[in-house]
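Some notes on the structure that comes next.
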Amino acid sequence: MFEIRWHGRGGQGSFTGAKLLGVAASIYDQQYAQAFPSFGPERRGAPVLGFNRIDSKKITDRSEIDTCDYIVYLDDTLYDDVVLNDLKNNDAMILINTQKESWHDRIKCIDATQIALETLGLPIANTVMLGFLASFASNAVTKEACIEAIRSSMKPSQADKNIKAFEIAFDKGGNL
Amino acid sequence: MFEIRWHGRGGQGSFTGAKLLGVAASIYDQQYAQAFPSFGPERRGAPVLGFNRIDSKKITDRSEIDTCDYIVYLDDTLYDDVVLNDLKNNDAMILINTQKESWHDRIKCIDATQIALETLGLPIANTVMLGFLASFASNAVTKEACIEAIRSSMKPSQADKNIKAFEIAFDKGGNL
Amino acid sequence: MSRNAFLNGNEAVAYGVKLSRPNVVAAYPITPQTKAVEKISSFVQNGELDCEYMHVESEHSAMACSIGASSVGARTFTATSSQGLLYMAECLPYASGARLPIVMMNANRSLATPWNIYGDQMDTMFLLNSGWVQIFVEDAQEALDVTIQSFKLAEDVRVMAPVMVNLDGFVLTHTYEKVSIPSQEAVDQYLPPFKPSAHMMNDEEPMSMCITAGNQHNMEFKIKQHQELFNALHVFEEIDHSFNEKFGRSYGGVLEGYQNEDADYLLVTTGSVTGTARVVVDELRSKGVKAGIIKLRVVRPFPKEAMVRSVAGAKAIGIIDKNISFGYEGTIYTNVNSALLQRGLNLITLNFIGGIGGRDITKQNIEEMFEKLSTVSTSEAVDAVSYYNVRCSL
Amino acid sequence: MSRNAFLNGNEAVAYGVKLSRPNVVAAYPITPQTKAVEKISSFVQNGELDCEYMHVESEHSAMACSIGASSVGARTFTATSSQGLLYMAECLPYASGARLPIVMMNANRSLATPWNIYGDQMDTMFLLNSGWVQIFVEDAQEALDVTIQSFKLAEDVRVMAPVMVNLDGFVLTHTYEKVSIPSQEAVDQYLPPFKPSAHMMNDEEPMSMCITAGNQHNMEFKIKQHQELFNALHVFEEIDHSFNEKFGRSYGGVLEGYQNEDADYLLVTTGSVTGTARVVVDELRSKGVKAGIIKLRVVRPFPKEAMVRSVAGAKAIGIIDKNISFGYEGTIYTNVNSALLQRGLNLITLNFIGGIGGRDITKQNIEEMFEKLSTVSTSEAVDAVSYYNVRCSL
Amino acid sequence: MSQPVKINARTITKDEYFYGHKACGGCGESLALRLALKVIGEDAYLSLPAGCMAAVSFIYPNMAFKQNAIITPFASTAAVATGVAAGLKALNKNKLSVGFAGDGGTADIGIQALSGAIDRGEKFIYICTDNEAYMNTGIQKSGLTPFGASTTTTPAGKVIRGNVKPKKNMFEIVAAHGIAYAATASVGYLEDFMMKVQKAKEANGPAYIHVFSPCPTGWGHESDKTIEIAKEVVDNGLWYLAEFENGKFKLNKTPKLDSDVRLYLNAQSRFKHLTDDDIREIEALREEKWERLIKEWS
Amino acid sequence: MSQPVKINARTITKDEYFYGHKACGGCGESLALRLALKVIGEDAYLSLPAGCMAAVSFIYPNMAFKQNAIITPFASTAAVATGVAAGLKALNKNKLSVGFAGDGGTADIGIQALSGAIDRGEKFIYICTDNEAYMNTGIQKSGLTPFGASTTTTPAGKVIRGNVKPKKNMFEIVAAHGIAYAATASVGYLEDFMMKVQKAKEANGPAYIHVFSPCPTGWGHESDKTIEIAKEVVDNGLWYLAEFENGKFKLNKTPKLDSDVRLYLNAQSRFKHLTDDDIREIEALREEKWERLIKEWS
Amino acid sequence: MKDFKRVPVPTLERLDQYPLGSSCKSFHITDMNAGWRVFKPVIDKDKCVACYRCYLVCPDGAIHQSEDGKFEIDYDYCKGCGICANECKVKVIEMVKEAK
Amino acid sequence: MKDFKRVPVPTLERLDQYPLGSSCKSFHITDMNAGWRVFKPVIDKDKCVACYRCYLVCPDGAIHQSEDGKFEIDYDYCKGCGICANECKVKVIEMVKEAK
């Protein structure tokens, strides 16, 4: 079972990232997945969370996710070093959208906003971060499934651009 | 325990009669009494019932009253011979406001409307029937208590007339 | 000095309210509660009671106005019944969560559909989870006394919870009997003006009320409310004592046992049917049958310990329910059974459902119940739930 | 042909509704139900579902409109949650007394005050006396399937009662998972259009509905409703079978036992917590602990016989309540205890209260519950009610 | 709109659709219902909330309506009626849904459902039978109880003498919703009332009629004076006959504003405590109202 | 009424009474609240129903109001507010009770309590912050959602494209109650709004203000355009500034009725699906409305 | 013309004889209201001018026109309110005291 | 002028430390909103003409006039909506991208 947490800000599409991952794993990889948001009274701009569980067996666990295999940040201003404690094991890692270089061996960095701006023309980095994640989490989800998930969730013109963004990030991750 | 039923028509004041009797027995005779109406969706003009229980001991029974010591009719058009079956014992009796003569040994008749018109100027016969009842039911309530009850429940001018009406009927009953 | 008057249950409550000097009354008319609010408004229009009487446009607003008034520390009363009680349902846990000491009279009446204005207890039983203290009274005197006591109970710092006083529709609300009305001075001594609690809105330290508590905090708020509601049990016992000292009337606290000490067969009753059952128990006792009654006065908080203690010696208990939880059984039956199971009491309990939609429960019915209890104690092959005074074959 | 989709519980219900082809949908938005009605309205605005969608101004009207629509024989759906459910409370026994086969989704959510939008089951438990069939589902697939089944159940001539489908707020309503969506053809075969019942208003023989039945008749109407509601138990079992035959999914009827056959320690669960408990039971079983689950699917009518049968062999049972009846205990606990007492089952039962106001119930919590059950079976000195995942000392 | 047939006692159906009910003798509401139903016809589906008319007409096993009819929750006349309409529409039945409610059920507890139903814009008719108090429960003040009237919750007491609030203006509130058709009426002018019901039937959307309906029991007048009183109140201008159509108001009848309101008030015991000052206030309110009405609506 | 002080940014108190709330950046409602409270003052008792403003301001343990404040049941703003007023009065406290509710909480589920409260006639202020949908629950259609707008329950679908119903006329509905003071306002004209709040404060009975309050999240406009949009909607006549005082209506501002409504509509994604026909319909509705307003109110 | 027949009170000996739900056939009239009257209206048919007024104004619909054009009262349902008598312009309806 | 002090989050170790009822002191501000911003407004104080406009229009009340008459932003509570910058007639407020 893989457990993943997404950090973003209301309006940034982090939960869409989690949903795409869920679609990829469950519908196109024929596995099982959950995707669920955190939800609070704070409004657009406030920090929000999204979660995934992925497994080859049916998932019935409905409790909250504490420790994770992957933690994804769509916005580096949200990051705080204490989350390193939330990682499950030695393979687990944190993926951050930032212009900075990694400052910890469990942290992988990518300037996803830049990639998004270049490929989509918008600073919406969720598909980029999905690509980056997929490059590491190959046991959890396949690249192909992610691409199918993106394709099935958007208008074709949008999908093409997002798949491109996804692939750039996927390759970046593979080369780290 | 005395159990009494009043028959009238919505608007004729039969339940006021029952209340006066209750006040008399419980407040002025220092006994215990209940007075309760029947209540239905039918409107003014429709037949209604009122009930009394009177006892020297505290009354806790809350069930309906089936058989009675006295049954009082404020309007003879409501009377039907089957109610003879609702009388408790040989002392029990039915008191009817009517111009007719009694047609049964358990039935006592009085032209209460006539008395009311003469004394009150109105065809409201409840205090008359109370007087008639009190003349028979001396074990249940005293004449004095009834008079006090009437006095305490009305404006003095009204009370005087009603007491007069009461007394005429009380005397009529005593002379039967 | 107290004085006697011939009052029905509605009027008795109205006198209890008047003597308690509420600051605000907000109520909406509904049969069979109307005479209570009519009497109160006549007190107000006659200048005998100095309070804000709000002619609201619905029961939801009756309770919402009560919440508003109580939240600034005003002593607040309202009254309703049946459809009205359910129409304000949303506001009931609202008020109890806010710990507002509102007192409400409920005239127990059947729920539509079919429509019916007569008394049964389905309305109140619908609301057992509302966080309100729920008290049932047996006669007009108890209605008056408990109304006064309810303000004291609701406003006690250990309780600080809304209280519902339940009167059986018609059988209590419309039946006149002799009632002793205490003097205003005595009640003023017994129930001084309410000193608003610090959690209410006030000028000195402004408060935010009926706030949000997310999943980080909510559970603790609710457990606190739950645990403190239990205080109503012993505070009500205290109040029963202090009221008795002052006014010379005691009702036995959260429940009253009648001939229960040595009873083999016990009936658990709520409200007015208790009185009828007393008559039957007296008769049975005179015939040597060891029958008794547990009159359950407080249904929430549920007096589990007192109940278990009072019935422990019996051979069989019958629970009279003037309600049905559709698709299960009478609600008080369920509640009592749970208490017994938890204490490992191996008692036989039977559910006697009657009085639905105003159907009479006769003395003969109650005799039959005791009869059934005495047979079941030797045979187990009976149906747990039975109905009384049904007019057709089932 | 069915197809897989990644849906949350709200959307799953919306698909279930669409496939059931209701004639009228009347609903009012409230978190966490909104996505269900939004999805349904998008089906309507896109022409994918041909029905009258009523934008009502409140939940009381949502249910009143549903009553109106259903009373002329229209297949009718509505959805609500929490405050909304209580705001329509008056209309619930109204509809059930009228025997209207309305289907309603309820997103289980905490009740104010304090306000809280997260899931617990206090809202539904408030309404156990409403005469509605109350079903809890565990995941999005079950939510979709039970929505379709609910129309079949509600409209069955033996039942003819409104049905409430309960989904834990957020945990089910907002969690996406893989769901198989049946084809419209298959559902059309399984659930043909509703043939209005003769007791509804119609052109051939005009009817008067929601009438008055005085104290002469009312009790019999209510007993009839009560007795016939019990039919929902076996009809739901039938439906579970026929659905399984058609769609290949069964959920076990009124309750599902999981590892319960030989279990020493059983947990009674409702809704989503069942899934988490399954994980724990699997673990415990792998360690040799005989743990099991009774997933209570239908809470009204209460499956007394099935419950008693399923737990009879256990040493101790724990009942998880995501609700508190303030001043007593968890409501399901009360209900289960009553069943056990009536059957003379001398079992130890404990009440595990958790998940209030959206508080997580963790796997460790559930382990602790089983742990507690295994100790209590040898010792009686425990408190019957305990709370899980509380963030302060009590 | 089709060419209007003159509607009167001779042209309406001879069939009765409301019979054997248990209303008080001389009940104005029951007369309004009886005649409205004759205009509306046998096919309509009726919704009535709790209130006198429902209470006296659905007493199992004695059903007084010929049409399909349903009692609604007290707050829900318009919601149930539009639910019925939606159901009928969805089932492709071209029938009319009609709600009848009292003043309390309309102006107080039912106003939200009514407002929502009008706002949804689907066709139905709503008729408010206004007897100026909660009669079914025993004459309590409603939002439509007029200034001065004594009711059981606004008795003529020692410090407050009767109801101190004026009547809520339901007709204009409804009109402000931009309703397709609205009208006021009185059982004192029955042909006018029936004509308005006919217009409501033909309206292209929600329609509302507010009909003044004396209640001998609640108002304390002789049961044979119902019509007289309902006519007098229009003639003296304490009530008015008006319509709202195509977004415009229209007055149907000009009263005698100098007439003595005592003729009306003294016939009813609910006004018997009024002082000369109170009566002057009532006359002042009348004057104020008509000044505005005449200016704005004629 | 006392001599009105000119109310503007310089004369209002510098104290903040609404701070640290969790509304979206650029939220029009929160601006309306903030400024209204500065006029109303520190002493008032506030009642807010469920809705964005309550949701973002009472999140334990973070309380954003300085005043006494209570969240009310969603349907109950005016009932709780008048209950508060009655309680304060009974306790001899001379304080002001003020209700704030959204469009949904006012025109839909709260209209009954509001109607009842106005009818009771006791002094309190009610401010409706109108963002034209149920925002707190995620942008569902309310009775005040304008024609054409796409919401989550009236999405721009294939057969029904957005909301097909016009906006309910709350201002006139409230005025028809004969309220002491009512006004419309917009956060595009803040001084006007504050002046009206001051008038409401001085009114001799219930007062109602309906303030147009853009919602960047729900309307899909940039968060910095809130005021611009709220000004444009007044300037182009799709919304209006008016008052109802002493029983009379008064227009405060005449719009440019020939202006292009696209400037307003195109700034918001909720209107992006509108066709030219839709826009013509919106313009036609504007024309129709103003014809009446100018005729009747000026 | 009253197109209904009074029907007998239903037999209710078993639960299944009770209605399903809270429903009943419409116009299911089992009852009379005759007993409500204290006075009863009597039309002097000879003087009646058949103006329809009494028929129109009766809240109980208890007056109908018979074959011969004259107006008749259904005393099973007339409550004796007196409106017809009061409204008859030619004053040919008299209210007479009921007697048993 | 903001006359409040941010208060610490209350200690909640025992049930009796929780509020009675669903109440809390008003203006009990425990939180900041700084983290919500993506852009932050920066006032060029030298060019500011102290017109009060930005202060008036800020939905968060995050702008106040300081002693020297100039306008200042409380960045603990500014959400970066940009209204102030958009409404400043002399355009002296600039929105600058936040950086961690």
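Just so it is clear, A, B, C, D, E, F, G and H label the chains in written order, and each chain counts residues from 1 on its own.
Everything below uses one rule, namely that contacts are C-beta pairs under 8 Å (C-beta built on N, C-alpha and C of every residue); 3 or more make two chains touch, one makes a residue touch a chain.
Predicted, not measured: the structure shown is a model, and the values here were computed from it.
Looking at chain B and chain D, the chains in contact with each of them are C, E, G. Summarising the inter-chain layout, the chain whose CA centre lies farthest from the centre of chain F is B. The distance from the centre of chain C to the centre of chain E, each centre being the mean of the chain's C-alpha atoms, comes to 39 Å. Chain A and chain D have Cα centroids lying 34 Å from one another. Taking the mean of the C-alpha atoms as each chain's centre, chain A and chain E sit 63 Å apart.
Inter-chain spacing, taken between the CA centroids of chain A and chain C, is 56 Å. Residues of chain E in contact with at least two other chains: 22-25, 27, 54-55, 58-61, 63, 65-69, 71, 73, 75, 107-109, 111-112, 115-116, 119-120, 143, 165, 216.
Residue positions of chain C touching 2 or more other chains, listed in rising order: 55, 57-58, 60, 83, 87, 90, 94, 97-98, 112-115, 118, 206-214, 217, 220-221, 223, 225, 227, 360, 391-392, 394.
Among the residues of chain B, those in touch with two or more other chains are 41, 45-46.
Every pair of chains meeting the contact definition is listed here: A-C, A-D, A-F, A-H, B-C, B-D, B-E, B-G, C-D, C-E, C-F, C-G, C-H, D-E, D-F, D-G, D-H, E-F, E-G, F-H.
Those residues of chain F that touch chain D in the complex are listed here as 50, 54, 58, 60, 71, 73-75, 107-109, 111, 134, 136-138, 140-141, 143, 152-161, 165. Taken in their complex, chain H has these residues touching chain F: 1-4, 6, 9-10, 19, 24-33, 36-37, 52-53, 55-61, 64-65, 77, 79-83, 85-87, 95.
Contact residues on chain D toward chain A in their complex (touch as defined above): 4-6, 8, 32, 117-118, 138-139, 168, 170-172, 174-178, 272-276, 278-279, 360-363.
Those residues of chain B that touch chain G in the complex are listed here as 9, 45-47, 76-79. Chain G makes touch with chain B in their complex at residues 33, 35-38, 79-80, 98-100.
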